[in-house]
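Both complexes below contain chain A, partnered by chain B and then by chain C.
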Partner chain A sequence: MSIDNFTGHISQRFDDELDAVKGRLTEMGGIVEQQVGDAIAALLNADVALAERVVKKDKSINKLEVAIDEDCALILARRQPAARDLRFVLSIIKTTTDLERIGDEADKMATQAISLSEEGKAPHGYVEIRHIGQHVSRMLSEALDCFVRQDVELALKVAQEDKAVDVEYGSALRAMMTYMMEDPRSITRVMSIMWSLRALERIGDHARNIAEHVIYMVQGDDVRHLGLKKMAEKVKQR
Partner chain B sequence: MSIDNFTGHISQRFDDELDAVKGRLTEMGGIVEQQVGDAIAALLNADVALAERVVKKDKSINKLEVAIDEDCALILARRQPAARDLRFVLSIIKTTTDLERIGDEADKMATQAISLSEEGKAPHGYVEIRHIGQHVSRMLSEALDCFVRQDVELALKVAQEDKAVDVEYGSALRAMMTYMMEDPRSITRVMSIMWSLRALERIGDHARNIAEHVIYMVQGDDVRHLGLKKMAEKVKQR
Partner chain C sequence: MSNPIKNPLAAEQLVADPVPSAGEPISMHPDADLSKTVGKIEVKNAKMSMRSVDVFYGDKQAIFDVNLDIARNEVIAMIGPSGCGKSTFLRCLNRMNDTIENCKVTGSVLLEGEDIYATKQDVVPLRAQVGMVFQKPNPFPKSIYDNVAYGPRIHGLAHSNVDLDEIVETSLQRAGLWSEVKDRLDQPGTGLSGGQQQRLCIARTIAVSPEVILMDEPCSALDPIATAKIEELIDELRSRFTIAIVTHSMQQAARVSNRTAYFHLGYLVEVGKTDDIFTNPNHKLTEDYITGRFG
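And now, the complex of A and B:
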């Protein structure tokens, strides 16, 4: 597209800047998604080398968080966006925080994977890690999709799934407590599983947050803390 | 102060808006601080009524988060702030997230207090809760102070204290694991203490985040993920 007049040129540059920051956020999302998948695999397969790669790679996520936030601050200062463009930038500023925290949780899981490889495998809990891990990975992938496609229906679905994950997490925790009581020698190892389950549950929360930021970006409705029913009404209303 | 010309009038209104949002954030900080103190007290004194008040009050924190973020979006749209004013607004947008999460952690501790009142007191861990609780409460109070006073030296101190809390948390966790192994019947109750210790450790992280936002606001340096040594250099440099 070539626009000859000055205003057109400026706004084309602005669009390019927005596209660039969207691209970087998508890149950050891709790395975070990979980190979560790798952390789960490292746990399930007792793969220490993979776990160590996850821990090492967390730094690159932190750098992207800082870089994207700086891009956003520059766009706000130079372009003074309004309406949907402003919401777009604000949503990205909130989303980088969630992605960075997901990266932290993947890092924590990888650390537990390393500690389990030293202490010996846990006697229980891998089925739960695999099951909740798959669920949460799908939620994260959908949350990133709904950001790219600006899809509020999918965002609503992610928020709804978070509730299911919370239920699965609660019952997995109770099972782990029972295992510890039955075999106190396994406590250290089962605790590693519990911290990992906790990390997965938190990743689900952050995926839901990202989905909520997308709804704000697209519709201008801040649906945080609204509850699923009211959130669904807001999404259907528009 | 009375300013007669139009520009002065506009900028006075702008200052008033910034002051108002700062006031609301300070209010939110005060409520969150109270919630953390109450949650710790509810745990230590097995005070179910107090714990229930904490759980109930979490909603008002969530509402403030949404309201302050909306104020910030309006200021960005109408006033198009630059330089330090822009950093001020961006820091507030990041800080509301941290304060809301601290509120969530207080809520989780209160829930554990309620569950401990049903299961019977834990045989161990109250000394650790009291000690780390006092430390983290002080950090939170200092983080809010350094926001109000724009005090980067104090912000640096908060970040440094977070490291001490992480060490205390690690040794408290190891002690709790030992107690569980020695007396498996106490596992459920000691787990409540462990989740509460985890909540306190997370509150320390969020207090550190708030302190880092203050350094960004005042100096323009994004010190997240820098490490304490480099952070100290940035603060001394200015």
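And now, the complex of A and C:
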């Protein structure tokens, strides 16, 4: 399904309002995706200038969050949407919250990148950041994709990916602890890497949340806290 | 039974509520299957039970094979575009269609298991059992007191004037009107505001202790405050009565009803819990209607 699955209301302006808010959400998603990519790159390349740009740009994400929520409040007040229109607006409101948090996590990673480059590069942990970073970036991009295309199969895949990221995060943490025990002088710097890994793991959680909002929006099934197996059953039922 | 001398209630209602018009023709959705109702039509221990109901106005069929149960003490809302048959169906439930010439109803309409279209059924007590409130408030040109006392008098429900006073007071209280009119019961009912008149009509309906109350767009002539009062009243009445309400306001259906039935072109397309219908309906036509997508 494309963006025009919201057309066809008797009120053309209602269509326009829904399309506009969807457009804004897509814009916000694009910026957030870029921020995450930039934050990872800034960490890996010790690029302070890039990290500072990420920190600065977080404000524009916050502004978009407020603007989209306001649009949604107006739609609720004006149109009293029902059924899938209602689910669409609710999902948008929840998704903006997740996107804004992802923006915050990118901001945290960029801050770590700045402090790391001030203290000299961390001796370890870049492999883990690169690996989990790639995984999480792909999840985020798929989560945004399934929102735009209303693709529940892809949404289910994103949720399943989150499990894999959690496992990778666990083993990365164990590796970091080993480094700290081996070389206590590196603790501060390895901690910075750990905070960044933590941020990436959280981004994966938010991507999964977005995927769950998509399943609710498309099917009307609330799959939060269900577990992957039951979630897959719900998706397959339709 | 449409003889106005025999049945003055019917005569009043006939004047106030003309024969429903067919409305604008609605274009059929190409992939719409109307013949089978989506959702659960049966309920346990139903108050009313309708099976294979067809309604014809002359040659024109207005209702097609509708099957539906109405549960005890539930509020069921009937929604759908103009001309979908929801009012026609509602009027079958107390044989109000008898008052329309050329109108033929087939199938069965059971109230507590008894067929209300049976030949031995007298419609005057039936309409006391299954009362009706109309779109436009239609108080009799009588005093407020007499409006409410009228039904109990003709049905012989009051044995003394004290009895009658009590019925009038209780009915007005249940209709939420008592405190507003208790000092002017002798004034004409037509002198009240629109919302008060509608609550007076509800008081008149409940004065004869009905089991079921049918409401045909009871709020469409009222302002939002009067509407809110009626909705509040419906909420209170549901503990005593079974209520079927036809409404054009989907928000109203969503607010007041337990179950919602969606009619389209004379078919019952979908019926289900109101909460489900308004968040996640199963039939595409229902979804298109409640989201405002009909062209």
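Definition applied: the second predicted complex is superposed on the first by the 228 of 238 C-alpha atoms of A that agree within 3 Å, B and C clash if a C-alpha of one lies under 4 Å from a C-alpha of the other, contacts with A are read in each partner's own complex, and residues count from 1 in each chain.
Just so we're on the same page, a residue touches a chain if its C-beta (ideal position, glycine included) is under 8 Å from a C-beta of that chain, and two chains touch if they have at least 3 such contacts.
What you see is a predicted model, and the numbers here were worked out from it, not measured in a lab.
K.L.:
Identify the partner contact of A:Ile10: answer first if only chain B is touched, second if only chain C is, both if each is, neither if none is.
P.N.:
second
K.L.:
Mind working out whether A:Met191 is in touch with chain B, chain C, both or neither, as first, second, both or neither?
P.N.:
first
K.L.:
Is A:Arg87 touching the first partner chain B, the second partner chain C, both, or neither of them?
P.N.:
In the superposition, A:Arg87 contacts both chain B and chain C.
K.L.:
Scan A:Asp69 for contacts with chain B and chain C and give back first, second, both or neither.
P.N.:
first
K.L.:
So, does A:Ala20 touch the first partner chain B, the second partner chain C, both, or neither?
P.N.:
neither
K.L.:
On chain A, which partner's contacts cover more residues, chain B's or chain C's?
P.N.:
If we count touched residues of chain A for both partners, the winner is B.
K.L.:
Give one of first, second, both or neither to describe whether A:Ala77 is in contact with chain B, with chain C, with both, or with none.
P.N.:
The answer is first: A:Ala77 touches chain B but not chain C.
K.L.:
Could you tell me if A:Val127 is touching chain B, chain C, both of them or neither one (first, second, both, neither)?
P.N.:
neither
K.L.:
Mind sorting out which residues of chain A both chain B and chain C touch, each in its own complex?
P.N.:
Residues 80, 82-83, 86-87, which sit in both footprints.
K.L.:
Considering only the defined contacts, which chain A positions touch chain C in the complex?
P.N.:
8-11, 14, 79-87, 219-220
K.L.:
So in the complex, the part of chain B that touches chain A is made up of which residues?
P.N.:
So the residues of chain B touching chain A come out as 59, 62-63, 65-66, 69-70, 73, 76-77, 80, 82-83, 86-87, 90, 93-94, 97, 177, 180-181, 184-185, 187-188, 191, 198, 222, 224-225.
K.L.:
For the complex, which residues does chain C have touching chain A?
P.N.:
Touch list, chain C to chain A: 250-251, 254, 278-281, 286-288, 290-295.
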